[in-house]
Structure formats: structure tokens, C-alpha cells
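Once you scroll down, you'll see the structures, which are given as C-alpha cells.
Two complexes are shown next, each including chain A; its partner changes from chain B in the first to chain C in the second.
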Partner chain A sequence: MKRLPFDYAVRNLGRSRLRLAATIGGSALVVLLVVTAAAFVQGMRRSLTISPDSTNVILLASGSEESVERSQIGNSVPSHAIAGISGIREELGTQFVSPEIHMALVVSREAGNPEELRTVLRGVTPTAYLVHPQTEIIEGRAPRQGHDEIMVGQLTHEKMGISKSDLAIGESLWFDDRPWEIVGHFRAPGTVMDAEIWMPLTDLQMAANNEELSCVILTLDTAEFADVDAWTKTRLDLELVAISESEYYASLQRFYRPVQLMVWVTAALMALSGLLGGLNTLYAAFSARTREVGMLQSLGFPRRAIFLSILQESVLAASTGALMACVFSWVLLDGVAVRFSMGVFQLSVDSGATAAGLVAGVLTGIVGSIPPALRCLRLPIPSALKAT
Partner chain B sequence: MAFIECRNLTRTYTRGTNAITPLDDLDLDIEEGMFLSLMGPSGSGKTTLLNLIAGIDRPTSGSLTIDGHNIANSSKSELAAWRSEYIGYIFQLYNLVPVLTAYENVELPLLLHGLTRKERHRKVSAALDLVGIADRHDHYPRQLSGGQEQRVAIARAIVTDPRIIVADEPTGDLDKSSARAILDLMQSINRDLGRTLIMVTHDPHAAEWAQKTLHLEKGRLVEQDVPQSTTAGAT
Partner chain C sequence: MHVFSRPLIALSMFAGVLLLGACDSQTTTVATPTASEQTEKAAALPTGLFSSEPLAGIQTLLNVKESASAGDSVTFVANIAGRAEPFTEGRAIMLVADLALQLCTEDHCATPYDACCEPIETITEHTATVQVIDKQDRPLKIGLKGQGSLEPGAEVQVRGTVHQAGDGYFVINAQTIHVPG
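Up next is the complex of A and B:
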């Protein structure tokens, strides 16, 4: 009821350019930090998530549950698994059993080039496309065995830190002292595979001088995870451990949680220091209005009416900054690739990240205006009226 | 009982162990409809007394009864509501809101009165007319001269039709001719509207416009009411 007109708050925005710039800029900074942190965590989480209806089970060497790359299992495991486990998915007589070798390798773009580009190579057989249905060849074709051919994911260049054109079809990468021609591009959106290099299993085994497999991935049909788990325990001679694919990714998530936490903490600390810096400007701008606040009180406006008006003013400015930051992040941040040890993920400015940013912006407006407003309103009216 | 009655009115400020008493055990009666001027050297307690009567400060001890109510006992929020009904305050430095037009500045106190837009419009227009500045209603304070600003401020002080108008050195920042015009205006508001008017000034010429002048020194009245001509002008 006893309120100052909203218009008064709006027009007050134009009163001090410094204050307006500080509020809009400060809130934009806070929002940008929050959105970036949220987009980072969200993007990383997405790349480490497998669709929840995945019925894949990964067979690894027992003791190497933490790292597929370190795992070594025998070449005969796939046939043992097919023989020993019933209920594996099957189509047109082909069992969904994918023997794979995963290897972190250093490659270069030219012979004798000392550059060391770190990549993850995955040696696969045609069944890999069955157990990884996310994978889709978007250009060219799959590499043929024995022809020194490879194919690359759509984010592989990001992981290697080179330009996309370096991995165009027809280009080559050098490892094992020879060039491997890129014959295809694939994508597996939102998974770590998106940044890998794929090639025929036996080619990679020969290049790496390794007769073994890293893992075998099975897609279950009627079988349960427990059946696979039980089978590995009846075949202790194979020294296997079974992990459901979703559990494997969940453990990766847990592994990266401290990183995500650190990102949040860093963003929060930076946002806080921005907020404290901005408060100084706000103090100065509001203390210039002390006499006016005294006058409004002398007219009979309750303190909370004046407080509300100051709050409206600040939230308006802060929301403007927040919107600017959100638009900026949609245009410039969304999809930006970030390299990490598991591959590459893309910042994901989704509705959650945007909402978190907007909430942070409005909170900045509220929190930023409370201390100066209180300082202004705390003064007895006669003292406020004496202010210069 | 007088319209405004101060009994043993005392205001003390304590800062650490220091105590200043700008208003010391003051007794004063002011009749309704009076144009009173308060004079005295700087620091003698004029503003302190004015602020107590205007209900923006509260006495340390003593009573201050206005229209039968002892406002010394009112809470802050009761005082705020009381002010919006009883008091119009005119400041030395006008205190207009720079982002509001003359019209909107005058309208401000009416927003506390639950009036329709139309009723507000009628009152604001009448007040602007009365102070002779209706043609500047859409001007912002920075587009007005000091004298015009003070006219707008006077319109703001009278627009709610308060029983008491207080003015703290209303001509202190104006040149001679603007000051005279403002004093003329205040005198006619007192005479034509019958409003009680209390004006602080340290200009003896300005004080001559009032019906009565009181002198304060170190928080006490030093000289009792010497009656003055009600039509006096500046010399």
C-alpha cells in the first residue's frame, strides 16, 4: 500500500552511470561465472553418462577396474563368453560381443615430426557398432583391416589440440613409424568415444605389439548382470571382472566429482570477490542519496517502502546484467570444447545452467543492495537530512 | 491547551562520554494559525526544536503535545503516519527528487494518502497553481531556478493540507528577491489557508515576516515574544 512508485526505481537507474555500470557489470560477471561453472559440470557429466537403459556389461581384467587402458585380457575371452553366458543379445546370428583394445598413444601429423599429440585409440571389430549404437559414421567409411586406415570422432581434434582440417578425410596420422590414412568421421554425441580414434582391432594389436584385449563389451538381452558376474566367478582362470557400463560411468563421475566441486568453489570465490568489489561503488552511489532518503522518510514513507524501492532498482539492473550474460553464454560458451583426461566434453549451457545464472543474478541484485540500503536507512532522519 | 505545547522539552545527544544538550528544558506554547519564526545563533538548537515538532526526532525527556496528542510517546512508525497527515516540511536545500518532474515531486506525499489518480491530479494542480509554478509542472528540478525549486518544495509541503508547516532556513540559499517572493508566499499560505507556520531563520529581515519571533540560545529561549506587525515586509 504505502509504496514508492515503481517508476521511481526505474528512473533512479539512470542517476549514476557508474553505479549502473557497476551493478550490471558485477551481476553479469557473477552470472557468467555461475553459468560457466554449471555448463562445465553439466557438460562433463553428460560426457560421462551412458543412456540409462544401457544393458552393456564390460569384462575387464580383475584388478584393472579403474582403467580400461591398463586392463589386459586374453584373446579368447569373447568366445568363452559366448559359450558360457546365455541371454546375450543376438541379431541375425551375430552376438553383441565386442572385443576392444583401448590405448593411449602419442601420434604426430608428419613423419619425424617431434610433436607429441596425445590420443586415445580404440581397436574394434564390426560388432563395436552393435554394442555402441550411439556411434554413427557421418562422413567417409569405416577403416578396412590391413590397409593402415583409421577414423576419427568429431571432437578428436579438440582432444589433440589441432584444427579440424588436420583430420580431414585423406589426411594421415603417424604412429608405429608409418602413416595411417583417415578414411572416415564418426560421432558418438555426449560420450567419451566422440574424441577417440577408431581402427580395426588387429591393426592396433599389431601396431602396439600387443596380442591381448583391453576389454570385451556385451549387450545383454535376457541375461542379467548377475549372470555375467556369476560366470566370471566360475571362470577364475580367465581372471575377469564384470562391471555394468552404467556403473563404470558412475564410477568415472565419482572420480571427477572433486574436479566439479573445485570448479564450483572457484566460480563462487571469484563471484564473491566481484560482488565485494561492486559493493564499494554501491556504497558511494547510495550515500550520495542519503539526504533524499531522509526527505522521503520525513514525508512519512516507511523505511521498508524505501528499502523496497532500492531493492527494485538493484534487481532491475542486476537482471539486465544477468540477461546479457545468459545471451553471451548461449552464443559464445555453449558447445565450447574442453579437454580433459578422459577425452573432450562440450560446455553445455542448458536450461538448468541458465536458470542457475538468472537466480544468481537476482540474488546479486538483492545481496548487493542490502548493505548500502541499510546503511542509508539506519541514519536517524535529522542526520540524514544534514548529509551533503 | 495550546495547539502545540512543549513542557520541559529536552534533547540530549550522547557521543561516548560527551553529552550535548541542544535543547534544554524548554517550555513553549504555539497557537494554531500562528506564523512563528525561530532565530538564534548557529548551533543554538533551532533545527533540533523544529525536528521535534515535525516528528522526525524524539525528545530525550519532557512532553510535546500537538493537537492533544503527546507525540513524545509515539513509536517511529506511528510518527511516520502522523507526519504524513500533520506536517509539511520545507528545507533549505529544497530536497526535490532529481529524477521526478515538478508535478511528480509534489505528488509524492499524496501517494501515502490512498487517493485516486484523479484526486491527486486535482490537489497537485491546485498546489502548483498556488505557488505560481503550474506552467513548469513537467520540468525536472535541474531545469528550475533555486526560487522555482523552493516553490515546488512548498507545493509539496502544502499539497496534503497539513495542519503544521515547518521550514528550516527556507531562504538560506536564495538571492534577496527570490527570498522575498518565497517569504511572501509563505505568509499568504499562513494567512489565506490558516496553517500554522514555524520558520527557522538567522536572517532578521526574514523573521520580520512572521507574527512572532522567538530567540534561542544554547537550547533555551532567551527573549519572550515581541509582537510584530502581521504585514511587515523586508526592509
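Up next is the complex of A and C:
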């Protein structure tokens, strides 16, 4: 088959800078929407995913499997668990058993300030750092018990909708009618803990006037999940259920799946409108070149060769737009914090999102070029040559 | 025009490289069970655990809980109920509830046997644990769900020995189980 040189397609792009800009812009818009949707879904998924190597098991109140915050279990559960379950991980005589309270509270920056800053507080003991190894104190220190001290996550300010400086070390947050001094910053990347406030367990119990726990998290060593589940079923008096940490977060992911689906559908609809806009531009671009197509055919170039050249032209422009959109999203979108009911997650423009965007860009170029190319090539040569 | 085309060609080639680079090279390996895991999975329930004949001398579970203490032989009837998942996967343990415990009859309830309409204290009061143990007094490493028609919500007759009876918990080592047809 006699082919048109690749340069021909490339040079054609420069015939109208405005149309080229519109084609690139349309493609960039489609790709940007796809990358944003993928980054949103991926970011949310990451924040609700725990390492597949996690051997943590959560003990919750029976009937509260779907929400740790709703769960209330007895203060004695940790000691019963240590005594009743053999094979819990242990280091230097300390069992990896973390009693915790998870509580959504309204706090303020000053006394009497009517502002309502919603946040999630977690009351912990030092063993929390053992069962949550992804947690790292990056500034300051851990809060001391009985000193009205707290420690904030690196994304807590995003969750509360305030500036980062408001939660600097030395600042205070008010709840339970008194100030709580911020003495440390921590991070737990890619988890919901990143947007929480941590404080000593007993301090939170006293502040909330609640002697019970929300859950106990334990790390298994030689024990299996079935051993813990069996133990909860023999200690019916404790009214517990055991759920593996990975399963708990998987259930949260299932809960948020409709939101992720809605994001994809919205992005698809908006991308479709961008695609139609690009299609319109290409229609206009190729309609004006009907005579040129007729001329190429009369010079002996088969329709397939001309179609291929048009395809190259369109894919080249769309790929350029896709590339620009990917760079734009890397620079401006990656890491952007998004608030949701569980806390905060960061948009994640990773390799998957970039690949999805680039594929969408190439597809836009292919799909966008087919209808106008077919329209140009449909005409017989004499009619095409006479076209105005 | 040639000057204009070169950056575009370079950009498109870069896009191609990115596309290839974006593909994840991670491979997934499928873990094969070890010999010890296979041996554990082969753990079997004792022959004669399931009886096709109804058991004699049946009491209600509540009666048994009130009167029996550790070591006593008991025979009772109950429903497999008390939790959304009354069985433990991989262990011969299940929860049973006295027939008097009102199971959730709401139309939308997918797991009526968890008795979610009742207060947790009532559920605890009406439930007990049935286990099948090995020679070391540990539950066998085999799930009971699906064995001998044992399913959540099913009525069962159990004969066994009280293993533990405490304040709020009651564990029976089952020797015979009958599931009425």
C-alpha cells in the first residue's frame, strides 16, 4: 500500500493553530477528568486499605461491626484477651494489644468560640504504636497522661477545615470546657489515622465521661484469626465480635463503592462532552479538507492510507493533550487533600491513574478521528474535487 | 513547519514511553498450601457426631443453663443463632440460642438469626457455645458450617458435656448432634 509520510500528518497539524489548540485542549480536558476520577478513587481506596500483611484483629461490640465509633466494650477486655488467646505477638514482655476509644467530637480553637470543628479523637495507650507501626511522630512528642495534651495528624487541619498553623505545636484546642495543648505531630500515610487527634486513653475516657472502650486491636503472632473468633464465641459474656483489620477496611471500601462509582460516572459524562467537543473540532477541520482528500486519492493514495494519515494526525494531537494533562495533574492534583466522613484522603496520581489518562487520550484521538475521516472518504473522487 | 513538528513528535514518543512505563510490573504469586496446612484441613469431625435419630431427654437451653454446671451431661434443643456469623471458619465452634429468643423477623433483615432486634443482654442470656474438641481439649480445626446440615438459623438437638459455665458464658462439648429434618 502506498502510504503518506508521517511528516505529512505532522505538518497538517500546523495548518490552523486555533484548531490544533482546540483539539489538544479537548483531549487534555478528557484526560484530566479521567486522571482526576482515577486519582480520587485510588486515593480513597488507599486510605481505606490496610497492608495485606496486616495480622491485626479488631475486637468490637457485637452488633457494631460496621462502625468502631458506635462500639462500646468493657475495660477488662484487653486483660481477658491476653489471658484467653495464646499466640498474640509479644516483644520484650509487651503484648501487642491496644485498647482504644474512637470518638467523633466537636472542638474549637478558643474558649467560648461558637465555631464547630468536627474531628475524630482516638484515645490510645503506648501499645497503639506497636499495633499501628505505620504511625510515626514527626515533630514534638507523644502526649502525657493527665496533662491535657494531644497530638495531631499531618492531615487533621484538612479534616477540620483550618490552616496548618492553627494546629502548630504549642497551640490548643478546646473541648470538655478546657484547653488541650498540642505537643506533637504524627503521620500515618495513606490511612484514616492521618487526620485524627490522638491523646491518652484515660484522658479521653474522663473528658467524654465514658469508662468503656471502642475496640481492642491486637496483632497476631502464632495465633490465627479463627482462634480469636473462637475465643469471642466462648466468652459470650464479653459480647464481642472479632473482625480482621483488613476485612474491616474492606467493608468500609464496599460502603464507599457507590461514591466511587458516582465519581466515575460523572467523570465519564464530562469526558464524553469533552470528546464530543473535540469531535466537532475535528469534523470542522477535516470537512474543510475534502478537496485535499480527493486530490490525494487522484494521486494514487488509497483510502486506507489517507485514513491512516488522518488517524496519525488526530492521535498525535490528542496524545499531546493527554501528556499535558498528565503533567498538569502530577503538578497540581497529586496529594491534594479531600475531606470525607471517615477523615481525609489525598488524591493519588499514581502510575495507574496516569496510564488510564494516557489510554483515554489515545482513545480520544482514535475515536474522534473515525467519524470525520469516514465522512471525508465517503465521497467519490470527482465530487470530492469539486467540494468547496 | 519542520521545526514545529519535531517537538510534537518528541512529545508523542514521550507519551508512548510513559504509557509503557505506567504498566505495573508486579506479578501475583499464588500461595500453595504447605503440608502442615493440608494436614490441618484434613482434620475430620468424629464419626457418629451426627445422629439421624432425634435425641431423647431433651430440655430447653435456658433450663440447661440454669441447672447444669461444668462436667454435667446435658441434652438440649436450640437454634443456631446469636450472631450474624454463628460459626467460626476453620474451628468446630458454633453459637446456639434458646428457642425462646425472638429472631429478627423484619423483612429486610438478611441475617434473622443474629436476633438483632433484641437487646444484646437478652441475646447473651439466651445463647451458649457448642464446640467439638480434640484430645487436647481444643476445638477441632474444621468449620461446622455446612456439616451434617448445620446452617445458620437451623434447629439442632445437642448432647454433650458442659465444658465451662460462668457468669454469662456457657460452653458445651458436643458428642452428638441431630438436625431435625
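Methods note: the second predicted complex is superposed on the first by the 387 of 388 C-alpha atoms of A that agree within 3 Å, B and C clash if a C-alpha of one lies under 4 Å from a C-alpha of the other, contacts with A are read in each partner's own complex, and residues count from 1 in each chain.
Keep in mind that, in the parts below, contacts are C-beta pairs under 8 Å (C-beta built on N, C-alpha and C of every residue); 3 or more make two chains touch, one makes a residue touch a chain.
Computed from a predicted structure; not experimentally measured.
Participant: Have a look at chain B and chain C on chain A after the superposition and call it: clash or fit.
Facilitator: fit
Participant: Please indicate which partner A:227 is in contact with in the superposed arrangement: first for chain B, second for chain C, both, or neither.
Facilitator: After superposing on A, A:227 lies in contact with chain C but is clear of chain B.
Participant: Just checking: does A:5 make contact with chain B only, chain C only, both, or neither of them? Give me first, second, both or neither.
Facilitator: Once the two structures are laid over each other on A, A:5 reaches chain B alone.
Participant: Looking at chain A, does chain B or chain C touch a larger number of its residues?
Facilitator: The partner with more contacted residues on chain A is C.
Participant: Does chain B (first) or chain C (second) touch A:14, or do both, or does neither?
Facilitator: both
Participant: Which partner chains sit in contact with A:326 here, chain B, chain C, both or neither? Use first/second/both/neither.
Facilitator: A:326: touches chain C, not chain B.
Participant: Answer with first, second, both or neither: which of chain B and chain C does A:382 touch in the superposed model?
Facilitator: In the superposed model, A:382 contacts chain B only, not chain C.
Participant: How wide is the angle at chain A between chain B and chain C, using CA centres, rounded to the nearest 10°?
Facilitator: Placing chain A at the corner, the angle measures out to 120 degrees.
Participant: I'd like to know which partner A:171 touches here: chain B for first, chain C for second, both or neither.
Facilitator: Neither partner.
Participant: Return first, second, both or neither, reflecting whether A:298 touches chain B, chain C, both chains, or no partner chain.
Facilitator: A:298 sits against chain B, while chain C stays out of touch.
Participant: Aligned on chain A, what is the least Cα gap between chain B and chain C? Give it in whole Å.
Facilitator: Minimum over all C-alpha pairs: 8 Å.
Participant: On chain A, what residues does chain B touch that chain C touches as well?
Facilitator: After superposing on chain A, chain A residues 11, 14 contact both chain B and chain C.
Participant: Which stretch or stretches of chain A touch chain C in the complex?
Facilitator: Counting only chain A, the residues touching chain C are 7, 10-11, 13-14, 61-63, 65, 224, 226-227, 229-230, 233-239, 241, 315-316, 319-320, 322-323, 326, 351-352, 354-355, 358-359, 361-362.
Participant: List the residues on chain B that touch chain A in their complex, please.
Facilitator: Listed in rising order, the residues are 47-48, 51, 54, 56-57, 77, 80-85, 87, 89, 91, 93, 95, 97-100, 108-109, 111-112, 114, 156.
Participant: Over in the complex, which chain A residues touch chain B? Could you list them?
Facilitator: Going by the criterion above, the answer is residues 1-5, 8, 11-12, 14-15, 291-292, 294-302, 380-382, 385.
Participant: Spell out the residues on chain C that touch chain A in their complex, using ranges where they run on.
Facilitator: Its residues touching chain A are 1-2, 4-5, 8-9, 11-12, 14-16, 18-19, 21-24, 82-85, 88-91, 93-95, 114, 116, 120, 123-124, 127-129, 131, 139, 141, 164, 166-171.
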